[in-house]
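Each remark here refers to the structure printed beneath this line.
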Amino acid sequence: MLRTEVRELKRVKLREPVLVEGLPGLALVGRLAVGYLVEALGAEKFAELYSPHFPYYVIVDERGRIRLPKGEFYCWRSPDKGPDLIFLIGDSQAQTNQGQYEVASCVLDFARKHGVKTVVTVGGYRTDRGGSRVVCASTDEELLKKALELGAVKSPPGSPIVGIAGLLLGLTTMMDMRAICLLGETKGHLPDPRAAKNVLKVLTSFLGVEVDLSGLDKSIAEAERMEEALMSIRVEEVLRKRQRKPEESRRPEEYIY
Amino acid sequence: MLRTEVRELKRVKLREPVLVEGLPGLALVGRLAVGYLVEALGAEKFAELYSPHFPYYVIVDERGRIRLPKGEFYCWRSPDKGPDLIFLIGDSQAQTNQGQYEVASCVLDFARKHGVKTVVTVGGYRTDRGGSRVVCASTDEELLKKALELGAVKSPPGSPIVGIAGLLLGLTTMMDMRAICLLGETKGHLPDPRAAKNVLKVLTSFLGVEVDLSGLDKSIAEAERMEEALMSIRVEEVLRKRQRKPEESRRPEEYIY
Amino acid sequence: MLRTEVRELKRVKLREPVLVEGLPGLALVGRLAVGYLVEALGAEKFAELYSPHFPYYVIVDERGRIRLPKGEFYCWRSPDKGPDLIFLIGDSQAQTNQGQYEVASCVLDFARKHGVKTVVTVGGYRTDRGGSRVVCASTDEELLKKALELGAVKSPPGSPIVGIAGLLLGLTTMMDMRAICLLGETKGHLPDPRAAKNVLKVLTSFLGVEVDLSGLDKSIAEAERMEEALMSIRVEEVLRKRQRKPEESRRPEEYIY
Amino acid sequence: MLRTEVRELKRVKLREPVLVEGLPGLALVGRLAVGYLVEALGAEKFAELYSPHFPYYVIVDERGRIRLPKGEFYCWRSPDKGPDLIFLIGDSQAQTNQGQYEVASCVLDFARKHGVKTVVTVGGYRTDRGGSRVVCASTDEELLKKALELGAVKSPPGSPIVGIAGLLLGLTTMMDMRAICLLGETKGHLPDPRAAKNVLKVLTSFLGVEVDLSGLDKSIAEAERMEEALMSIRVEEVLRKRQRKPEESRRPEEYIY
């Protein structure tokens, strides 16, 4: 494999579909959100994307099956007058600078072939304090207005949007498409299904689909348990250092954690 | 996008223009200087340069608009017998070794297409003590002499000129063009509008244009305030360490900052 | 040399051969195991693989001969109805992300040309505690079943298989071939001929060849001596630190080893 | 510039020339040795090699002239029946893995075009204790024998020869050429003109040219002065640490230098 390529598994005809991208990124917010939507809507896989810029390993899943890192395209046909949808989820982003541009270009070429005019990318937005807002940025005033009406807030200027979620936005401007990205606030340490749920609230309204999001609550509870466990491990470390030297004055630089 | 490319936004006819390059580099000296000139002269944008070697993110500006990192070509027609000018400013340099050569080659191919025979690159020159000189180096004796007459000083031998400011100089030797680079002395920590103003004094005379440079004074005052603030933070840190251990002998290796 | 290439040294006709890959990887398990098989079966070299993604040095062997890093293809014809075999051993894996995909693709193109339908890759499986199991993963249920019957255990899900041992597995799915990988448990520090021998017990039965594996016992004894020596060096270091400060209280962070 | 290229400055006809390579490497041994030979023999420059894999800067020389990093080919015609010579010196080696292979291949393609059948590469051989031997390795028994008769010693097996000095050796095996490399022992810290002189003693005899090597003695004296100065700086540092704590017991880990 010398170039990024898309392998079509079946021919589909879609009506001016919207592309929704959720490859793994910060705190897996995009991957979790879009992956959830693919399952909830019962979307149908119709193509795969491979690249020599993806990591050079294979993944072994819980059933012992082996796969190369890849992107997967799913489609869903709207039962009413809403737009059809193409979802992109997968295992990884490109690992090289040129690879990032190559993969994003390949995705948009494939999208254009299927009549896509609007692209929504989904990801995480890093904040130290955490938060539950959905930050958005768009190449199009109308899309931006729609997202703001649904409760998203405008991205502060200056912070770049890194990786495919950003590149797809930038490259659509050269291709007669418009794009918006929805980023859920997250501290960024762990996979953050709560940020994914926050984004999904906006995303589902934005796309005009109704989806029961309570299926994420179990993951959210688990993630919160994991985070508390991690916090208590850190607290224990600090206490242990204190106990070791009860008679010496404690110097600030000792609290390294 | 698989290769570096220039997208022309409008056709322009220029009279043996001089290319003036100011992409972001050390202390943003080149970017600030040439950016200021573009604004002061009211130069007109006519092309954009994109590359898969630019960083793989998009930038969100203060109005919430999104853009890929890019170079921008502006043109200005001289009202008298002076040369027309093409300015190149932008967001970034290439992030890979080959990318640096590819972008510089692409810029010169585009310049040659527009009849450019002379190239001026602008950047910063790192000195520990700071300073306000403008250092120059050239592939052509005549250009060098002209810059020295305007108050620039010759670059000391040995120190390489890194990045596009240097590569454009080197590659012009293969293309029947001549080039000079003007580098403002700077400590290099922060964006340095004062170094940019020093370079502009030489650059504007060199190009034969009259431009009011006082517009930079506000940025210079802000940069000086920022630098003083940074200095006092460092002084405070040292004092705080001293106060913490008044009775112990201070060992030099404690002053690590 | 601008691309990965295979140079055929002689034309061979093989009967639906199985490709067995053992390039250097974790603890050299694959390289030792497959290298041993090549020698024990008296396999015949018939092609070499070179790549600009292999390290940029040459190797000087014990006879003073010089060679570029390369892969070597050996063939062996089964005396009975068992499959013919093609072995791939060599000096190195590719050093770049794209290079890994390029080399693996080149290997499979060459294998396909020779009628290969089944690929076996061999390597190490890192465990902290060591162990003597052979872990396997496959793209094919039948191959997996056969390996499990021979005493291998299924790879736990989640841990990716990195490098050519994994990529060959992944890429065969696109080429109408099936593949299995056999990984010997190893701590990973040193070349591990004992893990190689464990894998060979499964591999030889899997391939239907009879090979005397006692030839590895000498290397295994040497490796064990080397490991004991390394352990005692570490123990000595700790003791030396203790002795140096008999009267001071020992603080845990002093035991840095 | 998108690919490595050679630019011929003049057409030359040489009689089965030997290529002698001396690009900058360990302690600049090769660059100093071959550069000295080019000057001493009054060799004539006839081609230049450029590459997007060379560093992305330009060099400013002592006369203020600017140049891209490049390789330079010089030729010398033997006054008697000895072989003509092509020398390759320059500013740098390639900075990427593929670039190393691309540059070496380009050099050999150019050499072959000029009828080269024998290649000699020159570099440094790192030893902790220093030394004055010339280590050699060859793809050809005859060349090796000749070098050993001239006082060189065979390279110990195992240590790879890194960079272009090694790659040229390896790639000649694919091109119906033979090659030998001569490496002067050096500690490797500083440019080592003494190691260069040691290599030149063997190299000049090997090539059958007579050259007065005393011209290197001045550089050797300067290098020795520089090395003594560096040693005394280190001794001073240790003494200064000792003086700071006269009453405390000195612990080995304090002597960090």
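Read from first to last, the chains carry the letters A, B, C and D; within each, the first residue is number 1.
Definition applied: contacts are C-beta pairs under 8 Å (C-beta built on N, C-alpha and C of every residue); 3 or more make two chains touch, one makes a residue touch a chain.
Keep in mind that this is a model prediction, so the values were computed, not measured.
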Shortest path length from subunit B to subunit D (each step joins two touching chains): 1
Smallest number of contact steps required from subunit B to reach subunit C: 2
From subunit C, the most remote chain by mean C-alpha position: B
Subunit A on subunit B, rotation in degrees - Cα superposition, rounded to nearest 5: 90
Interface numbering overlap (same over half, different under half) for subunit C and subunit D: different
Subunit A and subunit C, separation of their C-alpha mean positions in angstrom: 36
Cα-centroid distance, subunit A relative to subunit D, in whole angstrom: 51
Chain-level touch network, classified as line, ring, star, complete or other: ring
Every chain pair in contact, whichever chains are involved: A-B, A-C, B-D, C-D
Parts of subunit A lying in touch with subunit B, wherever the complex brings them together: 94, 97-98, 100-102, 105, 137-139, 144, 154-163, 166-167, 169-171, 173-174, 179, 251
In the complex, subunit B residues that touch subunit A: 1-2, 7, 50, 52-53, 55-68, 95-96, 99, 244
